[in-house]
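Both of the next two complexes hold subunit A, though its partner changes from subunit B to subunit C.
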Partner chain A sequence: MDARPLSTPGRVALSLVGVVKQYDRVQALRGADLEVRSGELLTILGPSGSGKTTLLKCVAGFEIPEAGTVELGGRDITELAPNRRDIGMVFQNYALFPHMSVTANVGFALRVRRVPRTQIRQRVQAILALVGLEEMGDRLPRQLSGGQQQRVALARALVFNPGLLLLDEPFGALDRKLREQMQLEVRRLQQRLGITTIFVTHDQEEALVISDRIAVMDLGVIEQLGGPRDVYARPVNRFVADFIGESNLLHARVTVAGDAAVLDSGATIALPEIRKPGEEVGLLIRPERLELRPPAPGEDASFAGEVAEVVYLGNTLKYTVRLDLGSTLLVRRPFGQPPVFDVGQRVQARWSADDVHAVRW
Partner chain B sequence: MVATAAATLGGGRSRPRRVLRAHAGTLGSGSVPVLFLAALFVYPVARLMLFSVEGGSLKHFERALLDGLHVRVFIDTLRIASLVTLLSFLLGYPVAYFLASAPRAWATAGLLFLIVPFWTSVLIRTYAWTVVLGRNGVINRSLIGLGVIEEPIAMLNNEIGVLVGMVHVLVPYMVFPIFSVMRRIDPSLAQAAEGLGASGWQSFSRVYFPLSLPGVLAGTTLVFILSVGFFITPAILGGGRVIMIAVLIERQVHEFSNWGFAAALSAVLLAASLAAYGALSLALRDRR
Partner chain C sequence: MMATARRRPARRSRTWQPLLYAYCALVFAFLTAPMVVVAIVSFSSASYLVFPPPGFSLRWYARYLNDPIWIDATVRSFKVGLVATAISTVLGTLLAFSLVRGRYPGRAIIDRLSIAPLIVPSMVYSIAVYGLFASLRLIGSWPTIALAHAVHILPYVVLIVVAALKTFDVAQEQAAMGLGATRLGAILRVTLPQIRPALVSAAFLAFISSFDELVIAMFLGGAQMTLPKKMFDNIMTEIDPTIAAVSVLQIVLVAIALGLASRFGAGVKPVA
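Right, the complex of A and B next:
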């Protein structure tokens, strides 16, 4: 990191203010605001159609927004041509030049910048060594595996020391094992180089693994920006709560006192913090925060029910519990930890008050 | 038909091998087309070639290859064919590029413009050019009317007319193979190049153009081979003053009934075409 004076952690490297982009009649971005700090890996997470790819294209320069500004390192680049932006990008399908060897692909950015030949050779060799492909320089892209192509694309985007790295769903084409391996590898590389990075994905698990911060997008705006723990444990609204992780989201209304909420079934749940009386909320309880017990007399009958389904997932058991009062709960318990229940058994669902999080409905 | 030819030429090196294997494997069902080709194509060509060495003498070949006049016709033919190929490329490449990158509706309309002339006979299209290019043709009269020139420019019965007519007929054979290759070029490659700092020209010259080369080579081969053997257009627009090899062959048969010499000229033409094809497909193979 000390080799890169550019990366003063915490300083704003890229900022988007009120970015609007329209396609025909569809508004892909409806005033997106975002600040990316120097040296961090920020993930833009959202379902398809949320505008995350459009946002990335506005940053890369492949789309010019109708309104708003994009600033990189304090310079307004909103309408700057992509080839003058000094941004490295890894495309979804890698977009490697099929007629060029690995070396030629990686050296491309340096050749078009007219860097002297000997220097190109050195820098290409160095970056190929960094991604573990020093032996593959003479191969053509189609002679490489998916993971190797991925590394070439990464090397090609990094070789000219760009001020910003963009990754557009780069792991989509890889199988699960390789994807997890590449996620960690990219993360390590990013931290080692200290390069400011924007990573776009629709995979919330991936986002949680790799990011410093996550911007959750939906319908053209950023709904929440925060650290992985933050967006998982304290989502700001129903969409974020639902999109990230598995969730039990129960519709409820806050009581007059503001310290509890009444579910549709009539049951009352205590809230960890005071909310506005009468507010319509969704109560979020993560499945791994729920506990199951055999029902005992004298307990709140509104969370008693019957096991409708048990799925064995290796390290956890996933229960679907049908409550007597109508709704269903997802429950995840570590495998091998009693008590274990079978389909049809009566259970009582329990949680601690801290595990309830209320979001706007 | 053009599309098939283009696909065969543009399809890459694995193609011939696959075709051979297919023939070996399915002799039963494949034998009908093989017989058909043998009866209607191989036999007549072979029979014609035999004319050229009638009586076991090579005198026709001697005349075709050594006689100054005929050598000049061969050289003229190759020169005109090369010019036609070059002009077709210069005109056809931008057209193909436009068709491959334009919105769908435009591309469809453009392709239609290229295909419609195929439904009109080459003979009619060639005669149409005499109306356009003649001393009192549209071009000359317009230019005189505008005061650009005083005397009409001679564009018929010379090489200009032949070039214009041939390029007009052959340009689609250049456009289709290039278009079909261009359409398969991933558009994100241009974005990748630009994102890496390439200017529009650098992106084109280093990425797009090299990737379109297989199409260019296929189109070039097609147009060159077709122009070397072209008959109607040079015969009509050349007015007897531009002699290409096919015109010469026709005369030998028609006016002099000299089948032997005509066959020898045909054999040389065939050899030249095959050599051109061989050279270009070799170049194509090295590219890939």
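Right, the complex of A and C next:
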């Protein structure tokens, strides 16, 4: 497997242009555009009903879009049959063939390609070793644990050296610990093989961990495409800001000078960059960027309030602070780092001006 | 066919237990008594149907096996049953795929129509096919009966295979196609092996229904008697225990077929 020619990173491997897909009266994809670079792991992230699975099906060939084109390696595959696309896919529930052994499952793609039997055995053995299942070849899928089934599905999708790997919410059925372990394992394998991969999930944490780039989808279009840090720290709109991570999103109007914004409560917050005067914006401050202090005289009273709730989350404490002027703020502080507050205590919320990010309202 | 064991609540009153057993015994007796009586009569030494029989003999089995008309009728019933089963299993499975997977206008109507042969009285159906085949001068040949039976038993196949396909995860077929199999290849290698129990049950039910069918065979058979027609004639004209002997052989046959069906129909086997 290591002899596989590494694809040139950065080149466009897959591109979707204006893809439209309609189910009865629901428009699942409303002109989706996407370019996936060779060798990268791109995550399509979105809530259920955002069209991410439909997008994946259009790439895999299980759905034919009504408009737009899908190109893989420069070839138009929009209407090509799935069995001629040369794409490996791991399904949500793995879709392993229950009547076939692990070896037969993994060798399936090679058998339908009429690869000589001795070669099949070697290649199946090699890929099983790669996913750490060399001893499990004779078992049936139902005799394996969830994590092992997942690895079989991965081996089956990779054994014929496909040009593209699709992962459709593959970790959903695993418990949290195993899920985190598999995420890292898949990522390592993907990087080692250098295979271009599209990963679909609704789990934003998972997306941040595993991806080179993330495409955030909502209502059939891609809202933002960027690196994990980018979409987390610099979301382009309210939806992305709200969907990725926890957020405090405050409605405000930019001042005449353009360097600050006035909240609904009347308080003024400085902006890190100049915006259009009078524009309606959402001010995003991530909970871990907020600090709590005991109130001191002479401070801006607009961000003083009372602790309404404290939740202990192991490594962090999560506070809900009710501000005197009405709105609430989420605050996350590392556990064991003073000061610590109890419910009912008066606090003052603080942040540095760089931690404010303004998005279109 | 697949019975799921369900645990009953443990704290059930013990006083009802004997009543339950008695009730079960009664049901069991009601179901098996006719078969037991027929089996005993078939070994009778009397030359008319009487119970209990005055003595024991195998003469009625010998009479059946040595009478070419009986044997002819039996062989013909087998031919009709096998051909009808083959046709209805293939067509019924194809139809089931179309009904479960297809997205086309008129699918709902075809869905209803596919079980029409169950609803139309067999007398009406028989007269209709008699008219058709008579105009084609095809009355009195066994393939005609097989064709008519194939339509008659199609609903069993459709109902059973549709039920099996509905619980089958389409993602598996998609997975097979994604791995390079054609649609037909995916169905042959992945889908059919897994719905095999349903296919076997369907074929079995179809065969038994055809093998046992009288009305259609009576209309279309002419001089070409099937086994049920011969049995019917025997009751009308002679009434001797041969019919009991034939019945016992039929029951044994069904039991064997049922055994084979559950042996080859149950579960899925690993493919190396």
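Keep this in mind: the second predicted complex is superposed on the first by the 355 of 361 C-alpha atoms of A that agree within 3 Å, B and C clash if a C-alpha of one lies under 4 Å from a C-alpha of the other, contacts with A are read in each partner's own complex, and residues count from 1 in each chain.
By our rule, a contact is a pair of C-beta atoms (placed from the backbone, for glycine too) under 8 Å apart; a residue touches a chain by one contact, two chains touch by 3 or more.
Treat the numbers as computed from the prediction; the structure is a model and nothing was measured.
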Query raised in the report: When the two structures are laid over each other on subunit A, do subunit B and subunit C clash or fit?
Result: clash
Query raised in the report: Who does A:Thr103 touch here: subunit B (first), subunit C (second), both, or neither?
Result: second
Report task. May I ask you to decide whether A:Ala95 touches subunit B, subunit C, both, or neither, giving the answer as first, second, both or neither? Result -> both
Query raised in the report: Which partner does A:Val112 reach: the first (subunit B), the second (subunit C), both, or neither?
Result: both
Query raised in the report: Thinking of the overlay built on chain A, is A:Ile87 touched by subunit B (first), by subunit C (second), by both, or by neither?
Result: both
Report task. Quick one: classify A:Val12 as touching subunit B (first), subunit C (second), both or neither. Result -> neither
Query raised in the report: In the superposed arrangement, does A:Phe160 touch subunit B (first), subunit C (second), both or neither?
Result: both
Report task. Go through subunit A and flag every residue that touches subunit B in one model and subunit C in the other. Result -> 60-62, 81-85, 87-89, 91-93, 95-99, 108-109, 112-113, 156-157, 160
Query raised in the report: Which residues of subunit A touch subunit B in their complex?
Result: 60-62, 81-89, 91-93, 95-99, 108-109, 111-113, 156-157, 160
Report summary line: Per the touch rule above, subunit A residues touching subunit C in the complex are 60-62, 81-85, 87-89, 91-93, 95-101, 103-104, 108-109, 112-113, 140, 156-157, 160
Query raised in the report: Touching subunit A in the complex: which residues of subunit C?
Result: 169, 171-172, 174-183, 185, 189-190, 193-194, 268-272
Query - Of subunit B, residues touching subunit A in the complex - result: 186, 188-189, 191-199, 202, 206-207, 210-211, 287
